[in-house]
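For clarity, chains are labelled A, B, C and D in written order, and residue numbers in each chain start from 1.
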Amino acid sequence: MKIAMLGSGFIARFYADSLVGHRRLDKLHAVYSRDIKKAKQFAQDYNLPVYSDSMYDVVNHPEVDVVVISLPNDLHLAAVQACAKAGKHVLCTKPLGRTAHEAKQMLDAVEAAGVMGGYLEDLCYTPKFNKSLASVKAGALGRVLWAKSREAHPGPHSNWFWDKEQSGGGAIVDLGCHCIEIARSYIGKQVRPVEVMCWAATQVHPIDAEDNAIGMVKYANGAIGQFEVSWCFRGGMDLRDEVMGTEGTIWINNFMRTGFDMFSTGKGGGYVAEKAESSSGWLFPVGDEVNELGYNHMFTDMFEAIDGHREPTETFYDGYVVNAIIDAAYASAKSGAWEKVVIDDWRGSNDTQIASDFAVYNEQYYLIKEEILPHGQKKLLLKDKTTGEVVVRDM
Amino acid sequence: MKIAMLGSGFIARFYADSLVGHRRLDKLHAVYSRDIKKAKQFAQDYNLPVYSDSMYDVVNHPEVDVVVISLPNDLHLAAVQACAKAGKHVLCTKPLGRTAHEAKQMLDAVEAAGVMGGYLEDLCYTPKFNKSLASVKAGALGRVLWAKSREAHPGPHSNWFWDKEQSGGGAIVDLGCHCIEIARSYIGKQVRPVEVMCWAATQVHPIDAEDNAIGMVKYANGAIGQFEVSWCFRGGMDLRDEVMGTEGTIWINNFMRTGFDMFSTGKGGGYVAEKAESSSGWLFPVGDEVNELGYNHMFTDMFEAIDGHREPTETFYDGYVVNAIIDAAYASAKSGAWEKVVIDDWRGSNDTQIASDFAVYNEQYYLIKEEILPHGQKKLLLKDKTTGEVVVRDM
Amino acid sequence: MKIAMLGSGFIARFYADSLVGHRRLDKLHAVYSRDIKKAKQFAQDYNLPVYSDSMYDVVNHPEVDVVVISLPNDLHLAAVQACAKAGKHVLCTKPLGRTAHEAKQMLDAVEAAGVMGGYLEDLCYTPKFNKSLASVKAGALGRVLWAKSREAHPGPHSNWFWDKEQSGGGAIVDLGCHCIEIARSYIGKQVRPVEVMCWAATQVHPIDAEDNAIGMVKYANGAIGQFEVSWCFRGGMDLRDEVMGTEGTIWINNFMRTGFDMFSTGKGGGYVAEKAESSSGWLFPVGDEVNELGYNHMFTDMFEAIDGHREPTETFYDGYVVNAIIDAAYASAKSGAWEKVVIDDWRGSNDTQIASDFAVYNEQYYLIKEEILPHGQKKLLLKDKTTGEVVVRDM
Amino acid sequence: MKIAMLGSGFIARFYADSLVGHRRLDKLHAVYSRDIKKAKQFAQDYNLPVYSDSMYDVVNHPEVDVVVISLPNDLHLAAVQACAKAGKHVLCTKPLGRTAHEAKQMLDAVEAAGVMGGYLEDLCYTPKFNKSLASVKAGALGRVLWAKSREAHPGPHSNWFWDKEQSGGGAIVDLGCHCIEIARSYIGKQVRPVEVMCWAATQVHPIDAEDNAIGMVKYANGAIGQFEVSWCFRGGMDLRDEVMGTEGTIWINNFMRTGFDMFSTGKGGGYVAEKAESSSGWLFPVGDEVNELGYNHMFTDMFEAIDGHREPTETFYDGYVVNAIIDAAYASAKSGAWEKVVIDDWRGSNDTQIASDFAVYNEQYYLIKEEILPHGQKKLLLKDKTTGEVVVRDM
């Protein structure tokens, strides 16, 4: 497959590093940038035959099979529409839109054109996520009660991120999109997100958008998805997920505590590790960022989906749902109350019930807990189904 | 000093293990239990000369200087009043009351009687907490933006905890009291807690109270305290704190990941470690629980406060503020909106302002961020103070 | 490039999983197994057009460009000779030979034939190793003093490993080969390994070879490489490296503590994670084993080396040096004394001196240490260059 | 009990911090220092009624019950003899002597005088060590095969440590004494240490003694104790233990990775944490050093041993055995071969055999290993007891 890249900035280079690694069949072929010098530089760096400052030309280039959108958020919609019109498959970076309204137009565009719309939600493709999600689906955690994802760092690299108009918001739209989709995947994509409670504030930076936020997403089955996002974090990149189920727990740390610790006085030499706030003291590099952040597995899934005429794991529909949740989060941050998630085009399950499968001890009692005391004795805590009385039984 | 213990259950034994360790000057002297057999057993186990099933007799015993209350939550008020009447110093386990109304009566009782009221909030005395709080006070983290504390385990040992009437609630009142006071200490006890947003649900157990809850406490200076509490957690005891400041970060793990990992096939023998859900596989014991959980440092502070005629670090007033925050949390869980924290007797600062100390670059610009790009170049992200425009400067 | 696999067992399947992942240009094309049913099964599983129980036929298949040897250790030499004779590039699993004598013959064979001999030392290609080695080469650790690598697990999967005749030894030849080459890479491949001290014992298993061993390799520059290997370890797979330099430290954990913790009661369902000793309790899976163990980066380097007519990072010459060190380790385990490393064909540096670059304070003194005392004072510990006297200077 | 302190330096203050914490019954009463100004300062800081520059006066002070020796290594013998003569119990810091010959004279002195000789080996009293040793003794690890202890930091604080004559050696005698006794405790104090292999070098500092060393101690039952000690480590204090048994594993980290992580830009303020090499970047403080390093539990054991007329856990005899092992380590570092441990006065078991309890499968076979393959099949690896043949059985 031949690939065109729209954009030549930070994320475009990250994607390209994944695409040119490990001798892939699929080849980056063309690049578009508004700035022709940047397009040329990118083409040189990655050895691409085609570069241009015309998005139209690149998208419509006859050898291009699939287009990767790595543009600022406010340019996604127009770019997707151009691809759909050209009949090219399109992979769009996160978030899909600035709002659900924008995202829905993109979803409609690819569906009308019959091209694949892949949502580049890399953090739902990391090796740890893949394996833990498989375990959750196999039942290792029982019923999922709560799934939390946290992303925090000192703020984004590119300047357009700091402009609310271009980005659509602050840390919620930038980082929350990841966290929301991670939690939603663990809870189950067929389960409807119902309402959102969110706190957001501008605590540190001289900007209009929020640089710190915490939100809770209530799902139709009673599970809670939580996101914690910040542009105020000091110490590097904090990227962690936690899941609680009735039968188990998952703790994932994607950055800074992955079994790679380095100390340097800084006297020895220059380069130690990227993304650290310094190059001396204790540093916690990640071995292979494009793999650990999910880019490799994400692009493999996308290209195999195109080849196999199937949906990828992350679709434009997923991007649309995430935007709908983000819209509700912003509404809640403003109103100070739980706000409904508006999804006009809901394609999941509608008959989910809040789970209430209490453990039954016998006809008369529920089992609250089996207790092992410090000296080894066991006792049972039971609740009478009718009177509600709590009783203790020694075993 | 001679100490009387009211109660002989799980927490009373934990306190006693701390009090008899390391050859302390201060001695456990008497114990009260409603059940005389339990009182006798406790007195035997800890070698106490006095035991009784009359609380009055124990509290008023002439050799007793100070009373430790380790009774169910609904009995705290009466016990505190008995101690105050007897003119004995009183140390009460957490939470102080089931409600702020109860806590206020206890506070009033000790203040009227002129005895010391120590609030046994052990997790604000752990060695890690002590050292990290000292660092925060010394400015190592700059301005504190967010302080989160999480406590989660499979549910309490004693049956009265599961009865909402006796305990005053579920995981919030049982575990949230710790988390709230930890966050409040990092943010600063003089800063007024303003309002609370809380989600709570009964997800797993057949009980009336909540077994899972998440809450946010907004402080007058704009900082956020967060609590995450659960009786549904699997895997042992999850006890972690996190603090974000403008200049730094703290991550504390008090249990299960403290540098002590043990694997056992279980074939070798019986006992491995308490509090684990099993005795085989990977286990994460804590070396010395009464020290790690803060009991040693807490009792040392309490007795030195009495000797030194000073306030201890954790007072009945602190317990009252915590109860006021818990009251607001329950109100919010019900209303689905932010609820005011009602503190009639506020003794802290009243003139706190929300901080907004943006970094100034020069007369025209604020500094958003200094950026080091992957290839080593630096750039500045600036914001025009008047136009609001974001500009980039290469360095 | 088209690839033939010799062998269809555990390691062959691991290699194949890497080779078919992420849509690689280079394709597995043929497989050889002594057992035609296994060859057929392997061909089916990985979708290969060619399978056979004739090694000759597979090696000489006209479409095959490069051969991967995944056979028991005693069959490496004959297989390499067959590939050399056929003029095919050859990639051989570790250890290269059972002895340096065997390894030297393989090295000679590929060099005489003018084909590339790639040594499949995957643990010198893991993402963490790649990045940490780059840091060490850039000087972040100063002068390397000691490099330790540890590999321990409950014993190998395949039965031939347990037969000393086929494998050439026990844990040293199986696991020590990795550890030796890791340490050697950090210390510098141009530095000559001089002598080895090794303890080895059969502590647990009813076998002739060692199941536990510790060794030290002394290098010409005074640095020490240490290996710790065991087939007696309980708890999973222990795979850790440590490096000490004059200006820094590296700690790498490749397995079981990589930021991925899972707890399961085991009630929920079946599968949780491979390589664990159980499927309940606390488990520590690795996200993507073929990537974390270095297979992806190793094969990429090998194929790019062939394409680029350059040496790969790990060559048959490296395999030969490793075998020479292993030979000395076995000699030392027998003699109880340091034993020389015999490398007839040494291609590295011969003029390395033991480093002795003491920090100079001034004309009279060496600097032993600058000390910061608990209360903040600084002092200098100095040593008189001529008298040897140690003196203290307050600062 | 009233306590006299001999010495007023780094370790004396550490001990004193433990002795005055937590309102102990036993009181520091007197201090001796060669420098009367330091004695006076110490007495002021810890509120002691008696200070002197006469060791004789302090040891013979009528109110003193027990003497703590915190002097340089070369002064231990004379101090112990003075205490024995005065009939005072004596607690001596580690190492007991510079050589086994010195240690034996101290042992003889206290035994002849009938006073208690307590060996202040604090790292055999840390909370983690206490609990893990109890688990090992209860059989949780099966038969112990290997016990490793590592202590490494950038070098000692006090200048006399750097003078081989006063200290008796370098990192081995300073740090190795801890590591040796830790491993010996896990393996069992009744098991005779037989011989030692040791590498030692002066890699970095301008001193006569070794600043880096690794040693192995072979025990009569075939177990191996390993020590890794260094004064060249960068990054803080590396203090870790590992134990391998037939049924389990222990990993202990006493410093720098104990669940307490702090990041500071350093802009906020001064003090963050002691023992770190800097006060900015990622720091890993220990919560309560005197507790985590075992001082509290050590002194409690010592005083209760005196009160209870029993031996403490760590005696002068233990100190003597450790010195004997250190003597053998220095001999081996010189000879390059295993050297015998000379213990004239061996009081442990003499009939230990090297364990060889192979797992029996049935009359014909030993069990090598039960294997679970990636796809879930099980197989057995067996060895014929008479022919030695390895066979595989599918299950």
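Heads up, the rule we're going with is that contacts are C-beta pairs under 8 Å (C-beta built on N, C-alpha and C of every residue); 3 or more make two chains touch, one makes a residue touch a chain.
From a predicted model like this one, the values you see are computed outputs, not experimental measurements.
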Common touching chains of chain D and chain C: A, B
Which of A-C and A-B has more C-beta pairs touching across its chains: A-C
Rotation angle (°) superposing Cα atoms of chain A on chain D, nearest 5: 180
Classification of the chain B:chain C interface as same or different, half of numbers criterion: same
Inter-chain centre distance, chain B versus chain C - centres from mean C-alpha coordinates, in Å: 49
Computed distance of Cα centres, chain C from chain A, in Å: 35
Distance from chain B to chain A - Cα centre to Cα centre, in angstrom: 33
Overlap residues in chain C, where contacts from two or more other chains coincide: 234-235, 245-249, 263-265
Chain B - residues contacting chain D, complex: 21-26, 126-132, 134-135, 138-142, 245-254, 257-273, 279, 285-288, 291-292, 296-297, 300, 303-304
Contact set on chain B toward chain A in their complex: 13, 145-146, 152, 154-155, 157, 159-160, 162-163, 197, 199, 201, 203-208, 212, 214, 216, 218, 222, 224, 226, 230, 232-235, 238, 244-249, 274, 336-338, 355, 358-359, 366-369, 371, 373-374, 381, 383, 385, 388, 390-392
Chain A to chain D touching residues, read off their complex: 234-236, 263-265, 277-278, 280-284
